[in-house]
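Structures for review follow.
Each of the next two complexes has chain A plus one other chain: chain B in the first, chain C in the second.
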Partner chain A sequence: MSSSTASRQTSQARTTTAPGIKTGPSLRRSRDNVSGWAFAAPFLVFFLVFLVWPIFYGFYMSLTGKSLTGANDALIGFSNYSEAFADAGMWRSLGNTLYFTVISTVPLVLVALVMAALLNIGLPAQWLWRLSYFAPFLLASTVVSLFFVWMYNPQLGLINDFLSKFGIPKVGWLNDPNVAMWSIVIATLWWTVGFNFLLYLAAMQNIPAQHYEAASLDGAGAWRQFFSITLPQLTPTTVMIVLLQILASLKVFDQIYQMTSGGPGGSTRPVVQYIFETGFTGYRLGYSAAISYIFFGLIVLVSALQFVVTRRRSA
Partner chain B sequence: MANTTLTRSIPRTGSGQVIRQPRKKLTVGKTAAVVVAAVLAVLWLVPFAWATVTAFKSEADASASKVSWFPPSGFTFDAFASVFQAGNIPLWTWNSLYTSAAITLITLVISALVAYALSRIEFKGKKVLMIAIIASIIVPPPVLMIPLFYQMLAFKMIDTPWAIVLPQVIHPAMVFVLKRFFDQIPHELEEAAVMDGASRLRIFLQIILPLSRPILAAVAIFVFIGAWNNFLWPFISTNDDGLLTLPVGLQTIKSAYGVQYAQNMASALLAALPLIVVFLFFQRQIIKGISTTGLAGT
Partner chain C sequence: MKQFESLTGRSMSRRQLLTGSALLGGGLLATGLTGCGGAAGAASTPTINFWHLLSGGDGTKMQAMIANANNGNPGFKVHPTVLAWGAPYYTKLAMASAGGRPPEVAIMHASRVPGYAPGGLIEPWDLGLLAQNGITPENFAPRIWEKSQQNGKVFSLALDSHPFIMFYNTDIAGKAGLLESNGQLRDVSSPAEFKAVALEMQKVTKSHGLSFGYLNLGSQMWRLFYTLYKQHGAEIVLTPGQPMQANRDAAVESLEFMASLFDDTIAAKGNDINTGIAEFVRGDSGMLFSGGWELPTMKKAKLPVDALTIPTLYGTPASYADSHSFVLPRQLAVDEEKRRDAYKFVSDILKGSLSWAEAGHIPAYQPVVQSQAYKELTPQVHYANAAEIISYDPEAWFSGSGSDWQNYFAEFIQNVLLGRSKAQDGWDGFVGRTNDLLSRPNPV
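After this line comes the complex of A and B, so read on.
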């Protein structure tokens, strides 16, 4: 990183002072202004139209009573927001989202760490383990949901059948309000842990071998090496994975919508589904946009925390 | 950071390459590790295996209350046959394929161009642009679905492929992955070209791009997988049966077929097949893609 900045500086100095270029530095600079924006232009168009504008327009919508059926563009101030803050449905869905985030992040980080640590020992047939842990990540959420709805089936499902061999009574994996969110977490773990696993594996293989050599000369065993070398060296990776995972889990929608539609009794309905439903089935686009922005505020808060944490680490 | 990741992060495969840690004899600990790894692998493969077995069952066997890995009336292709007859799987696959390809192509072109400008050209307003793009990384797509839908309605693009493609081509994180890679290309390489009066575009096309193939491939694969599997936005922006992508189409199958378990599993497997094949072909690049581009977020 630092070397590339250094080389850029020297070459800048070289291009501006290079002999034999007819154009002076100032002309070159103004040409750079044109070409810089010319290169940025195609991205910028999409960026402005499909990202920046919707952000502002969405906020504007949240201040109106706009509905999908008839236009009501009149500004109504922040009343959508005050309504949302008093809306038990929104709080419940927000609570479900946070609950999912908390209970999914822990296994999604820990299991990934265990998987990577196992492979890092130098097991034979690396490709086989990598493929089996990572392959589910390639599936569409719909495919994952079809798989798990089938396995969770209370009467015909594989899991209850397996448990019954140990005398465990049938579990309503997706029908029992106390269990459903955990069932979603299990499916999500199976589906996406491979991504974190690969990030961990890559980081582990970047740890210089000398550390381990020195440690084993000092007589440190495998466990000792893992806790005294591997884990501390992985701290930045762990921080990054945890934060990425939190942000990803907050956005949960697909697999829940497909497996339980938010049920039973709204016990798994995440906030993204609530936004979707108020907007597209309740036709209240303005209100739905307001909830989007409350959710956005939450994401910004988490991102700000991430920024503070990573800043403190590097400082 | 970027430097080490790009050049060294490829997990060493079992192809006789460097294994970092000194190989020790097969200790008790290592045997235990193999056992744990195997248990996890089996757990991770069971859903695939169970789906496959179910897909090859007759519908009667699949919905029999006795769970069986070896169905009483034997294995059959019936479920696959009826999926092909009744379902729209080939059409949905095609829809997913060309929209994902278009998203990938447009993303690559516009991201590489802007990344080049951010990496190599000093221009007024560059800092502002950079901050705007960085800041946009935190915008979660679900927040944009309501205004984007309304916008697409206004553009009269709802129920056209444009609605699926256009909003999915902005990947701020990918822009930075590319920029970091461009930053590392030695400036000496383009200086000769600058002396000869080559234009920026020429330098970009003839020097930078050819040197950036690995990262372009990684970004392409990453964006493609994301687009292929995206559910929420295509689900919102299309209602037309002829336009559904594979993930959205599959969602409709569930309700349409009711409790046809064998058919459901056959459809799921058919939908999973293309990406599994892609993975087998591009394993190295995909893993490299995750471990490099993944750093910048999903």
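After this line comes the complex of A and C, so read on.
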């Protein structure tokens, strides 16, 4: 039955069924339900097949010794989890992920805010600024990584060449364990800050102009207006940007894999890369699933904390 | 062929098309349409899927070799799929084989076979069928043939061996007075002599004597290390469930020598593979340690270049190398006809591997190596002796070209080469990481 026929029949039922007949509304409801489910079905099928089922199957897999080669899919209980909790490699990569999240989220939010504020004060050629701030976000991670690998090159790179003009010795941007993560953060900042900038700009442009007019009549200067009007009005946007940024940073993989492969000395290997290595190149799918569930638990924890904090603030 | 033309006509009704297709399909199945050439003949030609990881100059050469094989065998058509080198290729091949629907034939590094054969991801070659196609064990150098086997069965057929070698710029070497009367570089047989040669070249280039790109590339660090380590006559044995067996003194000595090269005079402190090659091609260094597969780059740049195996600095001639080898991924249901075609295809490629030698590789198929045409290929013939002193990676499910194990090596050794940590500490860290892998369940 086509959906248009279904809706025609439903409307007929509405007009012809007399009030008081008990079967009418329930029949109507069930017909409504059928068409509702029919419309939702394509999404539901995808949701069940590609999200719900993998979540359950992934957890089941984490309880087995399953290998990529198809060998040993017998249940082994929680031994993958106990192995993971004793695995220094997992803890180190989790630590790297958290470190990256902390040192990337702060500049990615602050720089976006500053960029949006600068643009909001009415610079000429707005479209050009918007385009230049947002354009890097449209590039593929491979392209961005390639740019920065060349710029960071200790011998031929643009950055060391520039620094050498001031007599600053060569920096091993991607091969010094103390510097490499920061180099990746700089590349990530350049690449993705445009998205946060756009969210901030949209929110700033929605702040009613009357607020600023009233404030200037009261003698408030630009700084006072920024801190007393703009920032408080942006709070919901800031909360959303911080949450989205934390989740995005926790999932970091592409640019690190392409720029340092997790090196030097494993100092930039994020947990997603560790999961990839144990599962796909190390063949141990069951063990890799266990680590991803530990990581999943961490993300749920962060989201729950965030939820509690924002609820308290809005209460 | 009138019937075929009518099928493609625009005015045909849907019913006509379906009927026509059914008739044509039936006809194809019943007769194979062997007598009918052209488009109908092409439709019945079995397709042999072939996966490989050869790109750049190698990829172009392989494409030409496949085209030759296709032209010579109208009975089948080889369809190549090229995937990125390293983890992307090997994970996809393992998954396709585990699922039972992989390509009919694929290329693998011989060093990766121990990670695939025990789990049943690849199948052994049938020596009888190979012999029918003119391929016998005698066609391969003993070391290469030995490597093709696992538990007495032949799992990989080597197309080549591609060693890690030393390129040198003949102009710079000549100006530095380092060439013998035969035009080749003076013999070097100790670390001190090697450094002296490099310093002579540096005096000519005014920049560096040697280029070796290694930053962030475990495979490149491993190639030089393993060559030097094996020159000590030392071995590495990896047995799951047991600690790694290795000669620590030989490892530390090799690493210390490597680190001593990066003094910004003999070699730049930190070059990655691209900048290393660029430096050598610019003439800013006299020598380059890299794989023979870089030869097309040098030729394209019209560089006056010759090449040798890495000099024997510690007494035992040895050269890190691997082999691009043909394997038969496990099929859920083997199509016998396609498999026979795959044997024919592989034998044709092996026999035509002179063209592969032009890309800098040493052919594994001995009749090609012994041919006059190969003997005239320079500088390939100057490092062809590498085939006799090949050192493949130690065998384990996690070792081999493009493996994580080589990345783990970089994790501990890069800082040694950059002078940030001691060779002993770097080596012990790598041994610890390897022991960790050996202590975990073997997934194959």
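The rule we apply is simple: the second predicted complex is superposed on the first by the 290 of 315 C-alpha atoms of A that agree within 3 Å, B and C clash if a C-alpha of one lies under 4 Å from a C-alpha of the other, contacts with A are read in each partner's own complex, and residues count from 1 in each chain.
Definition applied: contacts are C-beta pairs under 8 Å (C-beta built on N, C-alpha and C of every residue); 3 or more make two chains touch, one makes a residue touch a chain.
All values derive from a computational prediction rather than experimental measurement.
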{"item": "Chain B versus chain C as contact partner of A:T310, first or second or both or neither", "value": "neither"}
{"item": "Touched partner set for A:Q233, first chain B, second chain C, both or neither", "value": "neither"}
{"item": "Partner chain(s) touched by A:L156 [first = chain B, second = chain C, both, neither]", "value": "both"}
{"item": "Which of chain B and chain C A:F148 touches, first, second, both or neither", "value": "first"}
{"item": "First (chain B), second (chain C), both or neither touched by A:P177", "value": "second"}
{"item": "Broader residue contact with chain A after superposition on the shared chain, chain B or chain C", "value": "B"}
{"item": "Touched partner set for A:F46, first chain B, second chain C, both or neither", "value": "first"}
{"item": "First, second, both or neither for A:P264, with chain B first and chain C second", "value": "second"}
{"item": "Which superposed partner A:P124 touches (first chain B, second chain C, both, neither)", "value": "first"}
{"item": "Intersection of the chain A residues that touch chain B with those that touch chain C", "value": "149, 155-156, 280"}
{"item": "Chain A to chain B touching residues, read off their complex", "value": "1, 3-5, 7-8, 10-12, 14-15, 18, 20-21, 29, 32-40, 42-44, 46-47, 50-55, 57-58, 61, 66, 111, 114-115, 118-136, 138-143, 146-151, 155-158, 161, 190, 195, 198-199, 201-203, 205-207, 209, 212-213, 216, 222, 240, 244, 247-248, 250-251, 253-254, 258, 272, 275-276, 279-280, 285, 288-289, 292-293, 295-296, 299-300, 303"}
{"item": "Residues of chain A touching chain C in the complex", "value": "65, 67-72, 83, 89, 149, 153-156, 170, 172, 174-175, 177, 260-266, 277, 280-284"}
{"item": "Touch list for chain B against partner chain A, complex", "value": "1-5, 8-14, 19-23, 29-30, 33-34, 36-37, 40-41, 43-48, 50-51, 54, 62-65, 67, 106, 109-111, 113-114, 116-118, 121-126, 129, 132-133, 136, 138-151, 166-167, 169-170, 175, 183-184, 186-188, 191, 194-195, 200, 204, 225, 228-229, 231-232, 236, 246-248, 250-251, 254, 261, 264-265, 267-268, 271-272, 275-276, 278-279, 283, 287, 290-291, 294-295, 297-298"}
{"item": "Chain A-touching residues of chain C, taken from the complex the two chains share", "value": "87, 90-91, 94-95, 97-98, 115-116, 119-121, 215-216, 218, 268-272, 275, 278-279, 397-398, 403-404, 407, 410-412, 414-415, 418, 436, 440-441, 443-444"}
